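Same chain, two partners: chain A is paired with chain B first, then with chain C.
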Partner chain A sequence: MTGGFVTNARVVAALGRRATRQTFRRPQLMAPILIFPTLLLAIQVGGAGRAVDLPQFPEVNGFLDFMIAGAMVQATMLAGNSGGIALALDIEMGFTDRLLAAPISRFAIVLGRLVGTAALGAVTAIWFLAIALIFGAHIEGGVGGALLIVLLVTLCAIAFGSIGAAIALRSGSASVVQGLFPLVFVILFLSTAFFPGNLLLEPARSVAEWNPLSFIVDGVRDLVISTFSGTQFAEGIAALALLGAAGLGMSAAAMRGRVRRGG
Partner chain B sequence: MTLAADLATIRALMRRALNEILRVPGAAIPGVLAPTIFFLGLTAVFGNLTLLPGFTTESYQSFLIPVSLMQGAGFTGAATGVNLARDIEQGWFDRLVASPAPRPVLLAGLVASASFRSLIPAAMLLIVGFSLGAHWPGPGGLAIALLITMGMAIVAAAWGTTIALKFKTQSASPLMQAGMLLLILTTTAYAPLELLTGWLQEVARYNPVTQIVDAARQGFVGSVTWGETWPGLLALAGLAALLLALALRGMRRIAD
Partner chain C sequence: MPAIETRDLQRVFSGDVVAVAGVNLRIERGEIYAFLGPNGAGKTTMVRMLTTLLRPTGGSASVAGHDVVAEAGEVRRAIGVALQEAALDPLMTGRELILLQATLHGLPGAEGRARAERLLARVGLTNAADRRVGTYSGGMRRRLDLASALVHEPHILFLDEPTTGLDPVSRKAIWEEVEKMNREGTTVFLTTQYLEEADNLADRVGIIDDGRIVAEGTPESLKAEIGRPHLEVVLGDGAMERAQEILGRFGKPLPAKDGAALVELEGGASGVAPVVRALDEAGLVVESLELVQPSLDDVFVAKTGYHLEGSGDETAVPEASSN
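Let's turn to the complex of A and B:
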C-alpha cells in the first residue's frame, strides 16, 4: 500500500467529503435516487394495495409496511449506479488519473467514493422511515429495529456502490454505467422487493428464491413487519457481505487493469 | 415558404432522427428495452392481482400491455427532448432556428419523428407480449392501440421539447422522463379503478390519461366499442393540443 494508514484514512475522508458534497449539491443527482423510488412507492401502494387481500399474502398492517423495504433497497441500487456514474465522470475528466499519480493507495480512491454512497444510503433509510411513519406504517422492530434498518440500508448502498465503482473503473464511461439503469429493475423484479416470493409468477419466483437481493430486502422488511429475527438478519448480512466482496474484488481487478493499461 | 418546402423540412428532420437510431443504435437500446423490461417484470411481480375479486381480466399481460405501450411512447418522446437539449448545447439548434423554416414546422418535424419512432418499442413489446399469452385484440383493437401510442409519443415529445427549451440542458432529462412516467402510472395502470386505493383512485379518476389507457386497453381485455374509444381520443387530442402549444411558445421565445 502506498502511504501510511493515517495518510490513506485522510485521503478516504477527503474524497468521501467531496463525493458527499457532489451528490447533495446537485438536486438532479438526488432526485432520481430519492424522488423516483418515492413516487414509484406511492403509485405501487395505491395501485396494488389490495394485494394484501390475496389469501397467501403475509400478515401486515398495510401494503406500505410491506413495500417500504423494497423502496429503500431500490434507492440504494440507484445510489450505487449514481456513484458509479460520478466515478466514471472523474475518470473521463482526468481527475482519477491525477489521483493515481499521487502517492496514495489506489483503493483509497474507491473507498472515498463509497463513503459518499454510504452517506446517501443512510439518508435514504431515514427518508423512507420518515415516509413510512408519516403515512401510517408501523415499524414493529421499534427504535432498535429502525437503527438496524439504517445499518442494513447503508451497507446495501456500499455493496451496490462497489459494483457501480467496478463497472466505472472497467469501462471508464459514464454513459455505459448510466446504460445499466434498466438492469437495476431487472434485478429488483426478480426478487421479493415488490411482492412476496410465494405470489410471484414463474420464472421470477424461482430466481427470487436464490437472488441475494431477496435476502437483503427480507432482512430489512422483517424489521418493519415483525420483531427482530436473528436468522433473517444474518441472511441479509451474509448476502450483503457476498455482494460487497464481489464488488470490491471486481473493483480491485478493474483498477489493476486500468493502471496496467495506463489509465 | 410553401407547403412543399414545409413538408420537405419535416421529412428532413424525421430522416435525421432516423439516422440517429441507425448510427448510434446503442443510444436507442435503453428506450426500446426499458418498456419491455417493465412489462416482463411487472407481470411477473403483480400477475396474481388478477385473482382479486373484481379484476376485469384473467391475463395480467393483456391488462398491462397498453400501459407498457404508453411507457414506450413516453420514453421515445423524452428521448426527443434529450436530443433537442443536446442540439441546443452544441449550437446546432441555433442554426436551425436561424433558417427560414417556420417554428411550427420545426416542432412538427420533432414530434412526427417521435411518433414514428414509438413504433419500434411498440413492435418489440407486442412480439414479447403476444408470445407470452397476451390476448390478440383484433385488427381494430391493435390499430387503435398503435394510433394512441403514436399520439402519446407526440404528447411526450411536446413535453420533452418544452422542458428542453426551458432548461437548455441535457441535465433536465430526468424531468422529461419522470413527468411522462408520472402521468401514465397515476392511472388504472396496475389495476382497474375500483381496485385502486387511497389517493391514487381519486387521481386516476380525473387523470385524462386514464381514458387514453382504457381506450388502448379495450381490445386486449374485451371488445372494441366507439363508446370506449372516443373519450380516449378526445383526451389525447386535448393533451396534445395543450403541450404542443406550450412547446411552440417555448420555441418562439428561444429566438428572443
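Let's turn to the complex of A and C:
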C-alpha cells in the first residue's frame, strides 16, 4: 500500500464519510433499501402468518420473528447493490479518476466505499430490530443477541458491498450494477430467508442447503428465535467470511484491471 | 531537470487505434505549456498518461523527475490534476471536496482546514463553500476543481481543457488564476481547443494533430514562422482590380477574401501609411482597412491543412472533447 497504515486509515475513513453522506443525501438510493424489504415483510407477515402452523415449522413466537432475519439480509443485499451503483456512478462521472490521481492505495477506494455500505448495514439492522420490537417480536438473544445481530448484518452489508464493488469496477456502468437487482430476489428465494429449509421442495431445498445466504440468515434468525447457540452464529460468520473474501478478491482484481486499462 | 519530459511517448488502444503516436516533449519548470488541438487529437490521452491514469504502450515519460510508470506514486505526490469536465460529486459541498482532497494528499486535519479556507477565498467560493456542488454554475465548478488541485501545493499542475464550455467571463477568471499560480512558481500543462487561450496564456504551445506534435514554440515564434501581417482593404466602389494593382506595389498580393483585397506587408505596421496615401491619390474610396496579424489559427491551418473547430467563434460553447 502507498504510505503508512495511519495515512491509509485516514483516507479510508475520509472516503467512508463521503460514501455515508452520499448515501443519506440520495434518498432515491436509500429508500428502496429500507422501504422495499419493509413492505415485503409487512405483506408476508400479514398474508402468510399462518405458515407457522405448518407441521415442522420451527418453533417461533410469531411469523414476524421468523421473517425479520430475511428482511434484514435482503436489505443488506440491496445496500451492497446500492454501494456498487454509487461506485459505478463515481467511475462514470470521473470522480474515481480524481482518487486514482492521488497518492493513495487503490484498494482504499474500495474500502472507503465499503465503510459507507457498512454504515447503511448497521442502520438497516437497527431499523428492522425497531420494527420487530414495535410489532411484538421477541429477541430471544436479549440485548447481547441484538448487538450480535447488528454485527452480523453490518458484516453482511460489507460482504455484499464488496461483490457490488467488484461488479462496478469490472463494468464501470451503474446500469449494469442496477440490472443485477432482480438477482437479489432469486438468490433470496433460493435460501432459507423467507421459508424454512426443511419445508422447501426440491430442487430449491438442495440449493438452499448450500446457499451461503441460508447460513447468514439462519445465523441472524437464531439470535431472534432462540438463545445464543454459537454453532449457527459461527456458520453465519464463516459464510460471511467466504463471501467477503470472494468479494474483496474480485474487487482487488477488478481494480487492478481497471488501473491497467486506464480507468 | 525539466518538469515534464517525454521520449517517443505512445498510446495505442485496442483495435490498433493510435491516440498518441510518438510524442517528444520537454517542458521546463515554471513554464505554462499549452497543448492545442481539436477533439480526438490525443490531448486527453497525453494528460492521462502524464498523470499516471493511463499506462503508455511505448516510449517513456517523466514528471517532476519521476518515471510515470515505475514511480507513479512519486509523480502523484508532485502533481495537481483538474481533469476535463470537472469530475466533482454534486452531493458534496465545496468545502467537503477540498478537505477530502487534502486528506488524499496526506495533509493533517488542521492544515487541511486552513488551506481549504485559503483556497476557497482565493477562488471566490467562501460564501458558497457549504453549498452542494450540484448547485454551482460551470464557472464555480471549474474554480473549485482548480482549488482542489492546489490543496497540496503541487509543483506541476495539469489542466485538461480547463475552460471548455465556460462563458467568457468565467474563462477569463480561470486564466487569471492560472497566471497567478504560474507566477508563484507552478509549472502548468494545459490542453485546450481554444486558440485564444493558448495564445494569451501559454509560454509555449504544442499543436497536436492525429496523435503527433506538428508544431511547437512560443505563440510569437509560431506566428512569425507563418509570415508577416497582411492588410485587408475593403473598397467602397468595389474597384478591386485597381486596388490590387496598387497594393501589389507594397508587398506580396494575397487572394481576395470576402470582398477585401489583401496584401502581405513586408514592413508590418509601418507600411500601412504609404498604402493609404497611394489609395487616396488613386481616388479610391476605402470603406475599411485592417492590419491583420498572423494568428495561431493560421499556424494551425499551415501545419494541419484545416481550421481548428470553433476557431472563428472563440466565445462559442463547443462540445466536450471525447478523446
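Throughout what follows, the second predicted complex is superposed on the first by the 263 of 263 C-alpha atoms of A that agree within 3 Å, B and C clash if a C-alpha of one lies under 4 Å from a C-alpha of the other, contacts with A are read in each partner's own complex, and residues count from 1 in each chain.
Keep in mind that, in the parts below, a residue touches a chain if its C-beta (ideal position, glycine included) is under 8 Å from a C-beta of that chain, and two chains touch if they have at least 3 such contacts.
All figures in this text were calculated on a predicted structure; none of them were measured in a lab.
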{"item": "Chain A as common anchor, with chain B and chain C clashing or fitting", "value": "fit"}
{"item": "Contacts of A:Ala241 with chain B and chain C, given as first, second, both or neither", "value": "neither"}
{"item": "First, second, both or neither for A:Ala253, with chain B first and chain C second", "value": "neither"}
{"item": "Which superposed partner A:Gln44 touches (first chain B, second chain C, both, neither)", "value": "first"}
{"item": "First, second, both or neither for A:Ala102, with chain B first and chain C second", "value": "second"}
{"item": "Per-residue touch tally on chain A - higher for chain B or for chain C", "value": "B"}
{"item": "Superposition-derived angle with apex at the Cα centre of chain A and sides reaching chain B and chain C, degrees in steps of 10", "value": "90"}
{"item": "Partner chain(s) touched by A:Leu133 [first = chain B, second = chain C, both, neither]", "value": "neither"}
{"item": "Touched partner set for A:Gly94, first chain B, second chain C, both or neither", "value": "second"}
{"item": "Minimum C-alpha separation between chain B and chain C after superposing on chain A, in Å", "value": "15"}
{"item": "Chain A contact footprint on chain C (complex, rising order)", "value": "48, 51-55, 73, 76-77, 79, 81, 83-85, 87-89, 91-92, 96, 99-101, 103-106, 132, 148"}
{"item": "Interfacial residue positions of chain B with respect to chain A in the complex", "value": "26, 29-30, 33-34, 37-38, 40-49, 51-52, 171-172, 174, 178, 181-182, 185-186, 189-191, 195-201, 203"}
{"item": "Touch list for chain A against partner chain B, complex", "value": "28, 31-32, 35-36, 39-40, 42-51, 53-54, 63, 179, 181-182, 185-186, 188-190, 194-195, 199-201, 203-204"}
{"item": "Residues of chain A defined as touching chain C within the complex", "value": "2-3, 7, 10-11, 14-15, 18, 21-22, 25-26, 90, 93-95, 97-104, 260, 262-263"}
